[in-house]
């Protein structure tokens, strides 16, 4: 039925948007286990071109050290969320990220303006992230020298 | 009916999101009366640990002085809006706030990255805010020394 | 039917929000033709009080030079999207914009906190922007001296 299909698409968009927001909220509260729960075990996370991609199954242990030792605080502000549903059980999104970081070692605060390109799959436990690619439009005093670009012409 | 319940939840989420946005828009236009209209008279607003909480009924008069004398301009950018409906007539939300302030006295611009934790009630006039708690992840040159924390581990 | 009308309003809001996000995304990727496609030919774009308004039909050629020669990078973070539907085929919105710019000539990064006031019309090809007015709450090191104000009291 057309109405039910439209309603399911709207609630799927809401669930996927909530997933992006949960990622930021748990990251900023230094909750690596909570972050990892949002990904499938086979998810591929690509934060930058200079460190190996992270598998969903290894997410918690991989990011735990940085969350604890690198950042004294962070705040990941997501906006411009554009979701494309692909069939009934898959989706992808492009959203903007404006991220502020305070470092434990007293370095100047780090700023990143960029994008998350994500993919999602509906699982028995609800929508999960299967792929995350971080692109940087630009940074100031950020702890990474190089970022994947946004493909600006 | 299931469809009608789902539609009501979607429109409730929209109305609550509009409420958060109206708070920012009226604050930034220096409209204390407009801000106060968004709260119930018994609402409790907690901006920081160092000044008394504000009652909804006293909101306009309490914030009017600061809006007029402290800020030459401000811009409150809300994102990451996560709403939880609790029964048919109550709700709560966590959202992110990226706030920029220009001061009348020429102090350096103040930046705040944080969160609003709000509660809401459906009234005869529509949804209203019954509780607002501001948490700060971090600040630069902000006019408050201390903020409620975000509970980072 | 009430349900169908509510669903159409929800999907219209989504389409209009996507339009705002597409504007930012194409602007930041230096895609002036892609930006121009989002406007009707008779659209009026008013970025500031010191340069002539731009017609939708002239949008691509007008912004192409600046996108190429002025900016090395930019990132336009939209939030606080407030949409008002006006009848079945027209709408307007107020949203917030937090824009970061890196200049080709090595000038300090430019920051703008402000608002887009847009109008929209449903066309045979979907919703299009018919009017865009940029207002600035404030700027730091921005390439424009003067902006339209937000009407702060």
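The first chain written gets the first letter, and so on, giving A, B and C; residue counts start at 1 in each chain.
Keep in mind that, in the parts below, contacts are C-beta pairs under 8 Å (C-beta built on N, C-alpha and C of every residue); 3 or more make two chains touch, one makes a residue touch a chain.
Everything quoted here is computed from the prediction, not taken from an experiment.
Undergrad: Quick check on chain B against chain C: do more than half of the interface residue numbers occur in both copies, making it same, or fewer, making it different?
TA: different
Undergrad: Just send me the rotation angle from a CA overlay of chain A on chain B, rounded to the nearest 5 degrees.
TA: Best-fit rotation on C-alpha atoms: 120 degrees.
Undergrad: Using mean CA coordinates as chain centres, what's the chain B-chain C distance in Å?
TA: Distance between chain centres, rounded to whole Å: 25 Å.
Undergrad: Could you tell me which residues belong to chain A and also touch two or more other chains?
TA: 3, 7, 10, 77, 79, 98
Undergrad: Please output the residues of chain B touching chain A within their complex, sorted ascending.
TA: 3, 6-7, 10, 13, 77, 79-82, 94, 96, 98, 113-114, 137-138, 140, 150-153
Undergrad: In the complex formed with chain B, which residues of chain A make contact?
TA: Residues 3-4, 7, 10-11, 14, 18, 21-22, 24-25, 28-31, 73-79, 98, 100, 102, 109 of chain A touch chain B in their complex.
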